[in-house]
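Following are the structures in question.
Two complexes are shown next, each including chain A; its partner changes from chain B in the first to chain C in the second.
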Partner chain A sequence: MSVTIMPEAGGAHATLRRNFWRGVWRVMKRKPSRLVGVVIMAGFAFMGIAGPLLYPAQLPRDTDALYAPPSWQHPFGTDFEGTDVVALVVTGSQYVLLTAVITAVITVVLGTGIGLFSGFKRGRWDTVLMRVTDMKLTIPGLPLLLVLSTVWKFSAAFEMGLVLGLLGWGGVARAVRAQTLSLRERGFIEAARGLGLSTTHIVGRELLPSMAPYIAMNALIAVTGAVYAQVGLFFLGVLPFEASNWGVMLNTAVFGGGALTTTAALPYLMAPLLAILLLTLGIVLVVDAMDEIFNPRLREE
Partner chain B sequence: MYTTIDGFKPGLDVNGPFNPYHPKANAFRGYNSMWLGWSKNHLTDPNQFYPGIAASWDIAPDNSSITLHLQPNNKWSDGKPVTAEDVRFSIGLAYTQGSTAYSIDPSASGVASDIEVIDDKTIKVTQSAENPSVTFVRGVMETFIVPAHVWTGVLPADFWDKLKTARGDGPEAEAAGAEITGLAEKVLTFAPPKDVSAGPFVLQRVNPGEALLVKNKNFYNAANVAPDQVKFLNYTGNEQIWNYLVAGKLDNAPFTAVPADVMKRITQTPGNGVARGFSPVAVSMAFNQSKKPYDDVHVRRGLAHLINREEVTKIASPEGGVAAATTSGMHQRATEAWLGAEAGSLEPYKVDAAKAEEEFKAAGMKKADGKWALPDGKPWKVTINAPAPFSDWVSGAKAVTSQLNEAGVDAEVVTVADYPLYLEELAAGKYDLGFWLTALGPAPYNIYQRLYGPANGWELLAGKLKHHAPGKNGNWMGSPETIDVEGLGKVNPGELAVKLNSAPEAEQKAIIGQLAKAANQDLPVIQLWDYVNTQFINTSRFTGFPKDEHDSLRLTSGVWLQLGMIKKKQ
Partner chain C sequence: MKQIARRLAGHLARGLAMILVVTTISFLIIRSIPGDPMAAKAQKLMEQGMSPEQADRAVAVLYGFLPSGGMWDQYVDYMTGLARLDLGQSLTVPGTGVSTVLLGAAQWTVLPVLAGTLLSFLLGVTMGVYAAIKRSGKLGDALAVSGSLLHGVPQYVLAMLLAAIFTTLIPILPAGGTADIMIEPGFNAPYIGSLIEHATLPVVTYALASYGGWILAMKSSVVTVLGDDFILAAELRGLKRSFIFRYVARNAILPLFTILALSIGLLFGGAIFIEKIFNYPGLGLLLIDSISGRDYALMGGAFLLITVAIIIANIAADLLYTVIDPRVRDGAESS
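Presenting the complex of A and B:
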């Protein structure tokens, strides 16, 4: 019997995949805003990877045009030193986005790992891990980061991402554990257990796929959280100066350029703000699409 | 009602005590907190003052003593007269804090040794003969005077005997000394129940947004103090001050760093104006010569030739600074006042890439692919440190690194979260190059202490000058003890700087000439810009503000008010 089933199963798989992408396309098409979200995210990804390559290592500056108003040459004007603000936003995106991605990966891997293990094993392991998680959740993030920044300069995106990731996995762990606890009592897991399938199979093939959309959405939300957190830290001026860092740009625009008092430094303030806003918008739109793709109940036909 | 801000500390504290020694005190200098006299910060004569608690004074020609004559008609706001006993008591408090003129150690530089109440309104302070200094008079003048009848009990009855014992030798002296310094905390935390002021104003109330002071009717010059009330507005950052100024709320704001466009906006507000004057401060980039390659004078000179100071000043401090004419260790105005034509003979370190290349080559630096590297071929990165809250320093540092990078010297700015931490790390020798205030005058002794004082290894201990090795005892600048100066031969700049303490004026000039030359050739720092004291005034409600260059611009507007300079607009 298995001889006849196998090819069928393979075919069914391929069909499923085809159906999945068709579904994705349908979901996207129904609300074009979601397509916009994908384009925005692709744009940011491109900017993060290739952006710095588009400019010379030393950004040109024009000291006769400090805080220059917007023009065709400088769509968002220039900064305190006469450097094009757009060039700063583009070259600065790498650090911000890389940090955000690293944070998201660490948050999701740690959060999912601990949540799954805890929820699936239950018992003593669950108690210990969840107390650790609770403890972690009680640590206030920003004050801790402020203290850490006095001893650690976070000059590499990896360091920043690592710390933000280590601070952020608590919520994901708790939620994944809850999901695991609920799913493990469902029929299909019972059936898998009854069939004598290995734990690896049950976790990897049965549990994880059901939670994948939830985890993926958490990853994207972690990205926005990481962007806010690091930009906030740089804005407060507690982290080292890097002219193209978005947070530093906000800081110098407000405290050095007087962007909240007069208009000269306003474009300099707006550029990184708009970048953050756009990135958040892109993520929200994509999350919205993902939600519908993975959650059949939301699918309106 | 006269409205201003307190330039000395941001943030009003509702619970701040009426104790001028407390860092969060509701004591506003020149308003309800008084000194004996107010220094004019004269370019060459540090002994010029406006009257404060003292109406006049006689300074002995050799600075060995000062006899103060108090304002004859001055009374505390509670009606009691201000007497010589108040001054003596206040000096006692100052001893517990060990401030400049009041060290227990009689051999410290410029300390008072004897305080004698001559009559109710006259008091004589004598300088210890062990290590006299020109800074003594100023140290005495800048004593906070508080009401003895309110502070009674803070000092023990036998305080003056203890002080005498502490000045001697042996274990008894040490015990007495420890007891006096042990009082520091008690003095610092003492909170009088209400404000009793000998100044033109007395505090009425404070809330988180503003502090309100009313005129002290008992003040000696109360008839000429124009406003009946003074309001201090709260601020935590410069941008709040800018907004107050744009709204035309402030009658005066002391020096505040302002971007060019904000300045334009402020001066558009009706009544707003700017008074500019000399400010005895400059900002420099200081080298840590314990770190390679900054121990080589050619590297320092090469860097100086790559920095366009005009451009740096334009970017960093367009309204409050003038590009340094050269590095002399002094504000350019002081350099000219002291040295006259001789000032022109100093090397100006004009931007000159060819000269920089020559200097770097002389230091053995190597250039490959347009980038300079250390003599051993390892990459060279110039890291300039600055405290993050000083936006003008940060943008100045960034401008310098941009210029260096363009000239093939890899450079970066690293900021530190706050100023106290910055100073701590700087003193610990953690930085290669850091921003450092220099030319802090007006006394030339103080000016050169910034370059050739404790931060550079020279410390005056018990009247003897000692040089500490680089990296030890707070010596983070690490200059060699003697330097070869063209036209002067080998000089010990620390020794010269200390001589300024007691040298007569004519001799001081010669010493300053040598020190300026030494600093100019050896470049322990690269002077970037001299500050300009930019004050904001508003003439819609009051007139009589000091004009440009007036020496009172370096004092709080409380002093202008108490001297009767400010008049109500008719």
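Presenting the complex of A and C:
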């Protein structure tokens, strides 16, 4: 009997998926700016993966042109050693984006896990976990990172991602818990429970898929948060410089080159800033589009 | 009234727990700093002719606990010191208590943060109402997008852009400090003018950093209220638009007070970047300088005071909310 049902279910699934992609396309087409967001994000992903491969391991230095002004050869000028600033931004993106992805994965896995557990189990565990989450949310993150940097120089990409992820799951956990609490009272979950389905099935097959878009958006927001935090930490100069990255560039531009007081190093400062702004813009546009795709109430028909 | 007292008690308990956590973190970090600065300091004092006990006690005055001894004893020492509001001595400003240094710096953080919050609240709420009313037009779209962008951009990017524009490209504002050092401090016009001039960029940065959040929150709040039945009823009764507007604004602004605490907390954290970039001698700059100057007692104190500021902001925002919302105030929803 299940054999006869399966193809039908599969067929319904396929139509659903086709409708979904048609919906995505409609949302994208109505506001082309959102396509721009996707393109920007794809560009950054390419830059992070392939960027360092485009340049020699030791970036060429033009010692005759320190802090050179923008030109065709160096669109954003050169730094204090005569290295092309664009090359620095491109090669530095790998560290920045890699850490951001590690942070996002840890944030989402921990946040979703704790939020689901808390919201689904309720009771004493819920109270304890939420107290901990609230406390984590109120302790100022940046000062804590700075204080931590005196005993642990966490500038390697994996360590940085780990620290930021471990500090950052609070918001996601709270949000996922709230969603779980409201979803678990809904009819389809109650039906699944009535049918005697296992908890793993209910959580994995019923709860998670309905929250997936929401979690994906949180992951993107975690990416931006991680980029800001790590660039900021390197900018403040409390961590040893691991690899070339945007925060190191900001630090040397402002405190080495005096970019805030003279115009010579200004392009060197502006390049990583523009990279951060562009990445933010891309992510904001994509999150906006996702919001509209998955939240039918927002669709302006 | 009872409601308020109970909320206040809850807040205080949570605040105390937070302070306990933060000071414990500080203690553990100071104790495990690589190179053991306390033992090194004691060693140096002994070489200068102090007896071991004298050296130990001198170091304890600096850090709040004896360098030798069990960890638990050290912890109890440190905590009792803190309970007596003795935060130790500063290394970088010799002979001065950490609390004195902290209080000197706190004014340069608290006042600009509050000014920036007030400015962005007024501006963001007004623009948010506008963005909600005109939400299908071009202007509303532009306001909402500018809000999301400003909300999304990190504070140091804003600060650096403003610094680059207004101190380097069009040098009309001073690059750092709290006032012109050539002017005699005091209650006179040139000094106050200079103070304001120097505070402009930090305050504007604080304001811009939280403005985006306000505009987005107010917009969505107004849109929700506009969909309520009582607005439709008011329209059908033919009430004047200004009347309806007052209904909308009063109801829409309430949820925003819950964000107030979050926003102030964000700004206190961001003060680290803003003060570093504008060279403004507040708590944030103090925290950074104490870390690079290896002044760990001062570091622990600055971390603690930033946390306390956030706790107080939380309590104040919640009390404000309680006073403003009649439903909470009168305890009608006693849940």
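In this text, the second predicted complex is superposed on the first by the 293 of 301 C-alpha atoms of A that agree within 3 Å, B and C clash if a C-alpha of one lies under 4 Å from a C-alpha of the other, contacts with A are read in each partner's own complex, and residues count from 1 in each chain.
Everything below uses one rule, namely that contacts are C-beta pairs under 8 Å (C-beta built on N, C-alpha and C of every residue); 3 or more make two chains touch, one makes a residue touch a chain.
What you see is a predicted model; the values in this text were computed from it and never measured.
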Task = Would you sort A:264 into first (chain B), second (chain C), both or neither based on which partner it touches?
result = first
Inquiry  = Looking at A:144, would you say it contacts chain B, chain C, both, or neither? Reply first, second, both or neither.
reply    = second
Query = With the two structures laid over each other on chain A, which partner does A:182 touch: chain B (first), chain C (second), both, or neither?
reply = neither
Comparison of chain B and chain C by chain A residues contacted = C
Contacts of A:58 with chain B and chain C, given as first, second, both or neither = first
Message = Tell me the contact category for A:19 with respect to chain B and chain C: first, second, both or neither.
response = neither
Key: Which of chain B and chain C A:241 touches, first, second, both or neither   = first
Request  = Using the touch definition from the top, say if A:254 reaches chain B (first), chain C (second), both or neither.
outcome  = both
Query = Do any residues of chain A touch both chain B and chain C, and if so, which are they?
reply = 149-150, 237-238, 254, 260-263
Query = Hey, which residues of chain C end up touching chain A in the complex?
reply = 14, 17-18, 21-22, 25-26, 29, 32-34, 136, 148-149, 152-154, 156-157, 160-161, 163-164, 167-169, 175, 265, 268-270, 272-273, 276-277, 287-288, 291-292, 296, 299-300, 302-303, 306-307, 310-311, 314
Inquiry  = Considering only the defined contacts, which chain A positions touch chain B in the complex?
reply    = 58, 61, 63, 66-67, 80-82, 149-150, 153, 237-241, 243, 252, 254-258, 260-265
Key: Footprint of chain A on chain B - complex, ascending   = 237-239, 242-243, 246, 258-262, 264-265, 311, 314-315, 386, 388-389, 391-392, 394-395, 397-399, 402, 405-406, 413-415, 417, 421
Remark   = The answer for chain A against chain C in the complex is residues 134-135, 138-144, 146-151, 224, 228, 231-232, 235-238, 250, 254, 259-263, 266, 269-270, 273, 276-277, 280-281, 283-284, 288, 300
